[in-house]
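When the chains are written out, they are named A, B, C, D and E in that same order, and each has its own residue count from 1.
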Amino acid sequence: MSAVLQVKNLRVRFRGLSAVKAKLKGIKDPFIDAVRDVSFSIEEGQTFTLVGESGSGKSTLALAVSGLLPAAEGSINFLGDEVTLMNAEEMQSYRRQISFIWQNPVGSLSPRQSVGALISEPYVVHGMKDKDLKAEARRLLTMVGLPAHFAERYPHQLSGGQARRVGVARALALSPRLIIADEPTAGLDVSVQGEILNLLNRLQDELGVSMFVITHNLNIVRHISDRTAIMYLGRFVEQGPTNSIFAQPRHPYTLALLSANPEPNPDANIERTELKGEVPSLMNRPTGCEFHTRCPFVSTDCNSTFPPVVDAGESHTLTCHYPGKHEQT
Amino acid sequence: MGLYFLKRVALSILIVMLAVTLLFCMIHMVPGDPARILLGPRATPELIASLSAQMGLDQSLPIQIVKFFGNILRGDLGMDVITNRPVAATVFGQLPYTLWLIFTAIIFAMLIGIPLGCYSALHRNTLIDRITGVISVACITAPSFVVALYSLLIFAVTLHWFPAVGAGDKGDFWDQVSHLVLPAFAIGLSWVGYLSRLVRASMLEVMSENHIRTARAYGLSENTVVYRYALKLAVLPTVTVIGVGMGFLLSAALFTEIVFARPGIGKLIFDSITTRNYPVVMGSVLVSTILFVVSTTLSDLINAWLDPRIRASL
Amino acid sequence: MMDALHRISRDPLGLLGLILVVLIIASALLAGLIAPYDPIKLNIIDRLQGPSVDHLLGTDQLGRDLFSRVLYGGQVALKVAFISIAAALGIGVFLGMLAGFGPKWLDNIIMLFFDTIRSFPTVMFALATVALVGPSLGTVIAVIIVTSIPTYGRVVRTQTLTIKSNEFVMAERAMGVSTTRILRVHILPNVIGPLIILASMDIPTVIALEAGLSFLGMGVKPPTPSWGSILNDGYTLIRNTPWPIIAGSIPLVLITLGFTFLGESLRDLIDPKLRKNV
Amino acid sequence: MKVRPTVQTGVNQKRRQILKATGAIGVAATTGAFSEVIYAQGKKILKIRAYGDLRSLDPAFSQGVIDEEIQSCIYSKLIQYKPGREWGYDLDAAESIEQVDATHIKFKLKAGIMFTGGHGEMTAEDVKYSFERIINKDLESTNAPDWGTLREVIVDSKYEGTIVFDDAYPPAWNIAMPYIVGNIISKNAWQAAGGKVDTTTPSVSGPYTHKEWQPKQKTILARNPDWHGGDAPFDEIHIFPIDDENTAQIAFESGDIDCTRVSLGSVGNLKASPPENSTLEEYPSLFYVWVGMNVENEKMADINLRKAVQHCIDVPSIMQASYFGAASPSTGIIAPGLIGNRAKSNVPPEMNIAKAKEYLAAAGMSDGVSLTLDVLNKAANVTTAQVIQATCAEAGITLEVNLHESGAFWSLGDSSAGERYKDIQLILNRYSMAPDPSYATAWFVTSQKGIWNWERYSDPEFDRLEAAAKAETDNSKRDEMYQTMQSMMEDSGAYRFLTHEATPVIFRNTIKPAFRPDGLPLIRGFTSA
Amino acid sequence: MSAEQKIDNVLSIRDLSVHYSTNRGELNALRHVNLDVPKGSIVGVVGESGCGKSTLISSIIRLLAENAIVPNGSINFEGSNLLTISEDEMRAIRGQRMSIVFQDPMSTLNPVISIGRQMIDIQYRDKKTKQQKRQRSIEMLASVGIPDPESRLDQYPHEFSGGMQQRISIAMALQAQPSLLIADEPTTALDATLEVQIIHLLKDLQRDMGCSILFISHHLGVIAELCDYVVVMYAGEVVEQGTARDVFHLPAHPYTEKLLKCDPASIAEKSRSLPTIPGEIPDLTSLPSGCVFKNRCDKAMPKCDSVVPEWRESAQGHFVSCHWAKP
């Protein structure tokens, strides 16, 4: 098994203030780090899942990986090629090999295009117009379990689940090596969520494609993912094999996320790790451990020194001063 | 906020300079020599040449423009070639009349148009809504010179309610007001229609928003919901439109100023362009673009005052 | 399309608008068949007559049949409106999309251009243009094109900015779709529909502007019959006869009602948020 | 006796009541600086319309009738136009004046004519200063040509002087002394003011003083208590610049003004149902309107084509359509009542298509020809152009009418401003006129080509006659010379004379107006009835 | 929740149907809905998109869209039928005895009016001084955990985060101490960790104030954690209702059963093939005869095709509409 994608020490930044404003306010660094010091790799045919709450930098990371946002630092290596150094032509061929499934099932489909046109667009864009576009569209629709006559429909005529299937079909069109799926189940009903996850699993099994899934829904993670990372304020606070993360969450934030998911059982007696307050702004990151403002297990030195990376074995790592402290209380 | 102002002022200066330069170049490409027009049929070629030199017309266009802006910095708008008075005196003498006219017209339009629009929106698809719809759209159409003429014939000639021409006697407030009524009506009428349609549309939109449902869910009286909660949002686009509408208002003012023989900047612009009175053209274009820029800025500020979200983004 | 028509017909004002628009366009197109007289044929003996069976709307100072002139005037009005709005739309859409989708500096330049044009009172710009090239139908059209570009451009820019932030645009970009294709295939169709409705509601304004220019003696060349020149004739003749003004006003009011109600009806149908950020 | 008609006072009270009843109608506050109230009851105020706004109060720089209407009220002249239907003059500042020989005019001023502002009594020195400054090249007065061949004014005594010309200059009696350049100003005051003034004046000597100018709104004249002629009839005169004739008439009907020119189109209605308490009077006018043809234009160079066009134009139709039957066809450029007016034109006013076709055939253009007609964009002109267009079409001449706004129009024939003068083919033109024939013919000499002679008509004989007629003191000879000149113009085919228009005026019966024979108001002569 | 217990119900809906007239014909958004909210309890309404949850809420607060028709049914709230009382009476109830927290906090509050103003405005019925009203608002904000409420009162909605906005909405809703609080998916727009905070807040406030809550959500976990009773809706009908324990442990309707099964949260083991409910909700403008769920039900029998199942009590306090349900 080899890595399809390898990301090392990636940093993505945005301009938070205009140059003039920053000068006026005497702020030296007008930039915001949306993603900071992130490293991970995705193995061939495997699924890597990124979990985090809104604003944690998940989508930014995905866009940076695909070259849609420039990386400020670090490297992104796709099958041996460095994405950050690609010229326009190389980038175009990179785009052929990765594809996206976007968060909003209907909103990610161009509203005035028919489903058929949408599905066959990848071929048009990548100079394969001579293909039988109609046949391809039919093939892909069948593949994602939609009847062929759906090719004539328009996005607004689709239900969430159907639109999501169209999105998947589109992502599969060019037989990519990597699919980046941003919240593939967002906005879908529970019953439909299952269908989409099954579809993704089935396609991965059939096509051997690697997947990079971004979600805030921990419930779905364990069913699709091989490896999971937890993101907070643009950093990975914990990362490891999915089983290990679920079985033995070590970082207090992971713990809180996992326990924040109420089980559909009125008798369930959850020992909940509840977080205080809200996520701090990226503009002024907390000192020391960036999670210390909300951490239920915060200690004196958390607010002054940045925590070390702790190896919890089985390539399970986390960044915390007191990993597993909850077990002691 | 401070930065916003700095940016805004810089941009405004740029717009004003561009606009003045552009129009000045256009007028200069136009045939017609101000000296000839000014001096009339008996002018000798020597006289014409001498006057041209006096007006700086013998210099190249870029130099004239640079000189013009240089003079502005020194607070000098040049001399009106027709009356030999400073352009500033001519322009600022006319400006108040037009400002009052436009101001009155807009107030009139808002006082009638906004409630009308509200009413239509709240009684959507009723007979009254449809009737006000037809009337207000018909108002939009009416060319201001036709409205001006008919209001003169009806209110001045037949009914003798209001005076016909001029702007009234200086110092006699009621006389000035009575001279303002018909022209303001002529300009404002189309805006009544326009504003009422605009307010109706945005009111309908606002009324369908969630927070209105919330306000109702708290049992707030319909009046509170409409006039305190919805209207404030619904007038936001109106404010913008009025701000941007300055150009149209000045144009409409021109027509009424002609028909009512009223002094004003619209008429001044018209006269100075047709007589190729370049210094006055430059001066009045300058003032009217400043007027536009100020009015759009003002409308932005009013919007910011009404809407804290915009305030925050300034 | 049929669906839209069906839905418009359920809105009484929309239906009224549709009927008026169809009626006026048809009467303009068929003026040659319907008009009882040659619109430019002089008949000085029968000048300044009131409405009669012979002359439905009376005659003007040259004895020309006003009804015929109104019908033919429709051709001028529609020509001015459609050509100028189409051209202004074309350029406005192009510049607006460029501003909305392009780099910030280009956006700034285009917006500066828009604001500069908008800062002229329309009439002043018209005056300068007319002084430059002389009054004619072409001049009127040119003036309207230039002064309308900023309005459409701004709307398109705002729309483009909104659409640009939609997920599907990012989706297309991620697929490697070129900027021109995104603009042409994905943004344009979303911008153009609402814009055409907006433009249809501007048609009356354009026609009124033509009337205004005629009033200042800067309209179409004589003897071309236009509603504006009929109105202008009516203005000078007001103490002799009210009929030319009435004749000039009727189609103006009707077409305004028509296009406004049709446009509003379509707008409510397609996008109620359209007028917001003009 | 009140001049403001009682009806109007009533209107005013009514107006105020309405305003008070309806509240401020959304208007707040006034503009502070206004101090005076001139609505005081019992003041006699004459309100009259002018078709344009004041431009200058300096006779050297006044621009035509509008300024002169004001200046003639505040300054004195040796002689003034006599109101009435016949051209003539009355003595004003002059106690006596006579033409002693072809080049000398002797005058004696009345004693005791005082200049306001403490500038003393009017003397011959003031007359000398007033007249000579106009022809002084350094001053660059636009009105210098009105003084023709004036050389100097010799001061003979305190009140006496002699006006000396280089050559005989009969027009001095018609367009100089009683007109713009005849205004006498105070040397003292002018020198103190730096030699020229703008829209204010330091000193006046007429029945009224210049009280205030509100640009584009009105000019206010007030009675001059020190006027030598006694008390002026009005406390104040308000002159309103109103260019639109509809508006002017409405202003009259609504009581805002007491006297105005009305449009020719309204004459019929006003005659049929005259407004209460008012009088309509029709005067001829001195304007002359014609269709000119550019003899140097490639197409128009053929005299046969020009003659064809002359015969294609149906003047009676134009009189009906453009002037509502209130004006009559003209025979040339010199109006009836003036020396040089022709009884008949060579080409009859009615069109003659057959003849036109003959000329076209002679020009080898039987198949038709297309020409352009340049027109100023005023309503009457546009209508005239359309009539011409229609009648020309009957003969096979296709006319394209080009409208121009005034700035562009008035530079059409200017050969110093590009090549546009060459493109003129037909042009509909209208010049104003002062009551001396030389004023009309001066524009059509060879030296005016490319200046005001847009037809580029040139005939050495015409030039010679023009110069001679100007200096001819025998009026019957003058008359004959000017008639000949107009015939020459017409025969060249370059001109088709249309009309002198007309001046219908309406005034309230509460005033007794004074008009020049061409209907222009002599405001200083207005009295209350 | 039987008829005898009716007296104890704050809200009791009987046989309520709501139709919308649309271009495509009559849309039967709600059909013969029965629902009870016992005093002092939290009732959860669960259902997928298009099941009629929002129509249900709109009919309770009587703010239905213009094209809505209510052909039959009654909504009894503290002794008065909300469908028949006058508009003024209804207004007197809204925000006073019954209030509501909406789904999207960002659009629920008026963006151009300060929080304080909005909170004071809704106390318009109280004859208190402005200062007292202000004080009351500060107390409420403090009770929902807004730090420094006094100074934040003059701020505008956009100056608060989504979680804070939802807390404010709750504060406003509970300000008048209503007997019924309707919470329409109040946590959907929030992150999981915030969701937990809000649920706890609601629970605490409910306990302190003793009001009833009608809690609408599609999130089964949240319902299970928070609610005493559960109502399950499907395609405009209430298909099952009972205590939370009954419904979650012994679902009586096949739809409930399937819904519970396919929630990934309830499947602790990693599975590559999750259970689903195949098929789609029927078109509400042209409903099939018989049971609405029959096309997706694997227990469907011929009777289901023709006969609409009755609403019956399958066990003590556990109601269901299914032919399989045992009486």
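Throughout what follows, a contact is a pair of C-beta atoms (placed from the backbone, for glycine too) under 8 Å apart; a residue touches a chain by one contact, two chains touch by 3 or more.
This one's a predicted model, so the numbers in the text were calculated from it and none came from an experiment.
**Q** Pick the pair with more C-beta contacts: A-C or A-B?
**A** A-C
**Q** Please flag the chain sitting at the greatest distance from chain A, going by CA centroids.
**A** D
**Q** Taking each chain's centre as its mean C-alpha position, how far apart are chain A and chain E in Å?
**A** 32
**Q** Which whole number of Å gives the spacing of the CA centres of chain A and chain D?
**A** One centre to the other, that is 86 Å.
**Q** Go ahead and note the Å separation of the Cα centroids belonging to chain C and chain D.
**A** Using C-alpha averages as centres, the distance is 42 Å.
**Q** Chain B to chain E: how many Å between their CA centres?
**A** Their C-alpha centroids are separated by 53 Å.
**Q** Show the residues in chain E shared as contacts by 2 or more other chains, in ascending order.
**A** Correct list: empty.
**Q** Show the residues in chain D shared as contacts by 2 or more other chains, in ascending order.
**A** Answer for chain D, listing residues that touch two or more other chains: 246, 405, 407-408.
**Q** Touching at least two other chains at once: which residues of chain C meet that condition?
**A** Expected reply: 127, 131, 216, 235, 238.
**Q** List the residues on chain A that touch chain E in their complex, please.
**A** Touch list, chain A to chain E: 53-54, 159-160, 189-195, 197-198, 201, 205, 216-220, 222-224, 242-243, 256-257, 259-268, 270, 272, 274-275, 278.
**Q** Applying the document's contact rule, which stretches of chain B touch chain A when the two form their complex?
**A** 3
**Q** Which of the residues in chain E end up touching chain A in this complex?
**A** 48-49, 161, 163-164, 191-197, 199-200, 218-225, 227, 244-245, 248-249, 258-260, 262-267, 270-278, 280
**Q** Within their complex, state which residues of chain E touch chain B.
**A** Checking each residue of chain E against chain B gives 61, 63, 90-96, 99-100, 102, 104, 107-114, 121-122, 124-125, 156, 158-159, 169, 172.
**Q** What does chain C use to touch chain D in their complex?
**A** Residue positions touching the partner: 40-42, 44, 47, 61-63, 127, 130-131, 134-136, 216-218, 221-223, 232-233, 235-240.
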